[in-house]
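Both complexes shown next keep subunit A, but they swap its partner, so subunit B is in the first and subunit C is in the second.
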Partner chain A sequence: MNNADISLNIEVPYVTRVEGHGNIVIDMREGKLITSHLEVVEPPRYFEAMIKGYSYTDIALITSRICGICSVGHQMTSLKATEKALGIPVSEQTVLLRKLLIYGATMQSHVLHIFFLAAPDLLGVPSVVPLATSHPDVVKMALRMKKLSNDICDKLGGRTIHPNRLVPGGFTRLPSTADLRWIRDMLANQMVPDAGASLELLKTLASRFPAFERETEYVALRDSGEYAFYDGDIASTDTGLIPVDDYLSMTNEFVVPHSTAKHSRHARSSYFVGALGRLNNNFDQLNTMARGVADQLGLKPIVKNPFLNTAAQLVETVHVVEESLKILDDLLTRGIRDEKPEVPEKVCEGRGAEATEVPRGILFHDYTYDNRGQVVKANCIIPTTQNTQSIDDDMRELVPWMIGQGMSKEQMTLTLEMLVRAYDPCISCSVHFLDVEFRE
Partner chain B sequence: MREEASRPVSVIGLGNTEKSDDGVGVRVVEGLREELESGAWAPEDRDVQIVSAATDSFLAASHAADGRWVILVDAAHMGLAPGEFRMFAHGDAALCPRAEGLSTHDADLAQILRLVDGLGMGRRVRIMGIEAQDMGDGRGLSRPLESRLPEMRARIKEEVGLLP
Partner chain C sequence: MSRPKVAFFDLTSCEGCQLSKLNLEDDLLDILNLVELVNFREAISDRREDYEIAFVEGSISTPHCVERVHRIRRQAKILVALGACAHIGGVNAIRNRMDIDAVKQEVYGADKYLFPSIKAQAVSDVVKVDYFVPGCPMDNGEFKRVLSAILTGKKPQIPEHAVCVECKARENECLYDYGTTCMGPVTRAGCNAACPSNGHFCFGCRGVVPDLNKNAARDVMEKYKLSMHQIRNRFHMFNSNYVELEEKRDE
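Presenting the complex of A and B:
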């Protein structure tokens, strides 16, 4: 059939297996694509306005509530921005423990997405529930991996979700040597073999990812010393490095009529953040085990298939496990020092913008404080906000590609849903506005 | 049977503490965690893990799949007076998906329990449902729930002792 003959209307009023509410709308008339986008329909959250007037000691605890999945990432980015604004130093031990927490949160989120949100599509079932009877060993393994990741966050942060031991300048309570040893043993003896089994499983399913590609710009933090999660400059596959302080020149947020989430663009009409963004910018910094996983999954930059973001998440899962083991060996060799959080003698006004790589991509928090240490202005730019335009751009090319593949409407609908899920969007997080006044 | 007698227990609090009484499950288990860490509660011959799961219902499945007893603590609509609570075995009551609130990322508890059932672990799940009064935006529990937190913790400790 010639594309010029085709009229197509696809509406998915509630995309399942993503966080939050979004709709897919495709309208093609006589071969002309009129509409192809993801409608984000959640109301704004107003977190930036909510925290105005609050003390610097409260901000990270409040902003971690932006998300139940990325609460560690929000808390970490928030703490870094506050510390930068107010000149609060942190120790090397604090940084190592924070990295361990980020790695644990990344494992948890990636495992959740790979097995519980994406795998049902690859195995041809509507949700993970039927897999409990058809693939019980796989489900048990995934739950085991998720539990361990959550337990790591619990032992380091005091809670599995919304940790309460992290404060500006350090930790209110430090993990014991026994805790660190337990985490190390569990990672080495349980997570490593489970990650290996996950790779074998994903290799058997890799051919089921749609073979769709689209060239775009990939953005992630890049650290000169390691595959960046905790720190770095902003790297673009199109334009190179810029400092985090200049993040607004990267994010360039704008509004569109069909979405309550803002969109972003930089060198092109959109850019991609997340596991694939990191892998495409930092592939040379993957550790040995992770590089082997990437090789076996056929991932080599520049990977242009957005569906392979899920495969990149497995590569990163292996990477953070190996990095965690290195940090744990380091900490266990040195011994945990009984450090108290650094507290500023006098608070001066200041501004700090910081970024962290969270599971879904680069996350920015930017605070301005007055001389009482209270927030006067805030801005949080979430990975999914940065990806929404990329999803729309993918859809615009994916629809004609699917028609060219001879897909039925049902297959196209599923493939569009798979595309949205591949980004692992956190739609609730993405719905933010700079300020109450801005919206009105 | 000896192995069954020493089976570990996870007490998992669900809910959003920014949504008033919806956060009661988290409040209850945070209190239990304090008792456990201070030594005020020292379960005999039993490994007890306290989990503030917030809205991550998958934790119920991951702990059940790990071979542990699971006691879920959550706000509920059961037609009781606010603050009343019931402990029941999974399977003794029908759980309806939440009308709103929980993110689809986390899945609702009813779906998670179907997953647990599929793995053959459903018999190890107990649920403490607590009748809520106010599920609107805001921190803090309503008075009927706040005043009964000690009773709720006591009932859970009793249940831990009763589990085979």
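Presenting the complex of A and C:
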């Protein structure tokens, strides 16, 4: 069959097993691809406008509600931006506890994506539900890993979704030594073996990831000392490092009619953020065990297959477990000090832009405060917003690739859905996404 | 016995309440033995329309939301509003006191005409809601209680007293004594004073307590020398639509 004869129309309304509402639309006429994009149909949220006039004490509470799945990341980024704008110091202990919380949230999100959202495609079933019967041990293990991640967030942040102990300057309540010891023991005795079993499982499924590659720009935070999650400069595999204050020169947001989520581009027509963005920029900083997982999964930068973002998430899951164990040993050696949250010496005007690596990629919050400590201007740039153009660009190359592979329309539809899921998009966040539509 | 068919839908929200259910790790498999899950876009690929019980998360904020919720109401025998956005409008309603055109301009600039938005409302502002699970996020324990009540044909019980009652029972120190404005005195209990017990002020996510004792609330404000203006923003955080209704009543 010659490509020039092919007319194809695929429409997947409301793609499932992703966070938020999106439709995939493919329209190919006589071999020419007219449309190939992800429509984001999530209702707009308007957070940047909503928080105007709110006090610095309340901002993180509201911006947390951008996304329940990424609420730890949103609160963290929000607090850091507020602290930078108003000159609120934070203690070393606060930074360590915040890192632990981010690692717990990253474990939770990655495990949810790998096992509940992505694995059903690799095992050829529509959801995790039939897996409970066909693969009960895997499902029980996944639930155990997720529960432990959530318990970590509960013990540090007060609760997993929209934590209620995080305020500018620190924590309103601190975990006990017993809590920290429990987390350390559970990570070492339960999570490490479960992560090992997950690796063995993923190795048997790795051949089911489509072998599609596309060269692009990968973007992530990079820290001089460690594989960055909490802090760093903005790194690009194309252009090197820039400071977070210059984030707008990276994100370049623009509006497209088919998406309530804005799009981003930098050195090329799009860039990629998320686990692969981080792995491709910070591979040299992976901990020993995580590096071993990457080697066994055959991941070596630059990884150009977007479907392997899911595999990169497992590498990161292991990395954050190792990193958490280091911090826990450190905190347990020094003991938890009873610190009250720091307050600003004097509230005065200021602007602060900050970034954090949340599970789906680099997240920016930027606030300008007046002299009463109330927000006058805000900007939040979400990982999925930055990835939407990359998904569209992937689809444009994936459709001819799939035709070349001789795939049926059903296989193509599933592969397109798998592509969108591989990005682990967070559509609530991005408007703030998924249905496939093939138009014929 | 055939299992009742259950569906979950999300309108305008952060999907935190949907995610909460995936966090019921210990009970998830048991719940799936009691109900047949026919539609839950975030977790499964099936999308059947023959559901009997519909859980709706999120507020109504676009013409499309209105259409969807009417369709859900036509099918569902029982409709449950899940979480603050669906129950009371939640944080989405903060923008209702602003000019919608200015809000759209702020976020989308010249492209504001691409995406229609209406006033952010609770589900019960548009269709009849049978039961609700309050909170942001909803509490999984309460969700399980409401689900068990529905499955056994009972009316779910949601507390109708203030958060302060639970906070006192937990012997927390009052945050007002530390100069913090807390929404506990006016907010519906049932969270076991989750936020004040973590040293954080209550922000009213469970909605205003029914039959609010306004005089007692005024006494608290007087004692701590707070003006309505000072607590207004915090009141608006989750309860914008309540404030709007009260202001109309006072006019």
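Everything below uses one rule, namely that the second predicted complex is superposed on the first by the 431 of 440 C-alpha atoms of A that agree within 3 Å, B and C clash if a C-alpha of one lies under 4 Å from a C-alpha of the other, contacts with A are read in each partner's own complex, and residues count from 1 in each chain.
Going forward, contacts are C-beta pairs under 8 Å (C-beta built on N, C-alpha and C of every residue); 3 or more make two chains touch, one makes a residue touch a chain.
No experiment lies behind these values; they were computed from the predicted model shown.
K.L.:
Please determine, from the superposition on subunit A, whether subunit B and subunit C clash or fit.
P.N.:
clash
K.L.:
Check the contacts made with subunit A and report whether subunit B or subunit C touches more of its residues.
P.N.:
Looking at subunit B versus subunit C, the one contacting more residues of subunit A is C.
K.L.:
So, does A:112 touch the first partner subunit B, the second partner subunit C, both, or neither?
P.N.:
After superposition on chain A, A:112 lies in contact with both partners, subunit B and subunit C.
K.L.:
Should A:316 be classified as contacting the first partner (subunit B), the second (subunit C), both, or neither?
P.N.:
Neither partner.
K.L.:
Please indicate which partner A:46 is in contact with in the superposed arrangement: first for subunit B, second for subunit C, both, or neither.
P.N.:
In the superposition, A:46 touches subunit C alone.
K.L.:
Answer with first, second, both or neither: which of subunit B and subunit C does A:393 touch in the superposed model?
P.N.:
neither
K.L.:
Report for A:133: first if it touches subunit B alone, second if subunit C alone, otherwise both or neither.
P.N.:
Only subunit B is touched by A:133; subunit C is not.
K.L.:
Tell me the contact category for A:147 with respect to subunit B and subunit C: first, second, both or neither.
P.N.:
Both partners.
K.L.:
With the two structures laid over each other on chain A, which partner does A:172 touch: subunit B (first), subunit C (second), both, or neither?
P.N.:
second
K.L.:
With the two structures laid over each other on chain A, which partner does A:65 touch: subunit B (first), subunit C (second), both, or neither?
P.N.:
A:65 sits against subunit B and subunit C alike.
K.L.:
Give the one stretch of subunit C, out of 61-69, 79-87, 97-105 or 223-231, that collides with subunit B after superposing.
P.N.:
With the two structures superposed, the offending stretch of subunit C is 79-87.
K.L.:
Taking the two structures together, which residues of subunit A meet both subunit B and subunit C?
P.N.:
Comparing the two interfaces on subunit A, one with subunit B and one with subunit C, the shared residues are 16-21, 65, 68-69, 71, 112, 116-117, 127-129, 132, 139, 143-144, 146-147, 150, 159-162, 428.
K.L.:
Under the touch definition given earlier, write down the residues of subunit A that touch subunit C in their complex.
P.N.:
Its residues touching subunit C are 14, 16-21, 41, 43-46, 48-55, 58, 61-62, 65-69, 71, 112, 116-117, 120, 126-129, 132, 139, 143-144, 146-147, 150, 158-162, 164-165, 167, 172-173, 255, 257, 260, 428.
K.L.:
Quick check on the complex: what are the subunit C residues that touch subunit A?
P.N.:
The contact residues of subunit C facing subunit A are 10-20, 22-23, 25-26, 28-29, 32, 37, 41-47, 61-62, 64-65, 90-92, 94-95, 98, 102-104, 106-109, 111, 114-115, 117, 136-137, 194-195, 198-200, 203, 233-234, 237.
K.L.:
Can you check the complex and tell me which residues of subunit B touch subunit A?
P.N.:
It is residues 18, 51-56, 58-59, 61-63, 65-66, 103-107, 111, 114-119 of subunit B that touch subunit A.
K.L.:
Which positions of subunit A touch subunit B when the two form their complex?
P.N.:
16-21, 65, 68-69, 71, 112, 116-117, 127-133, 136, 139-140, 143-144, 146-147, 150, 154, 159-162, 426, 428
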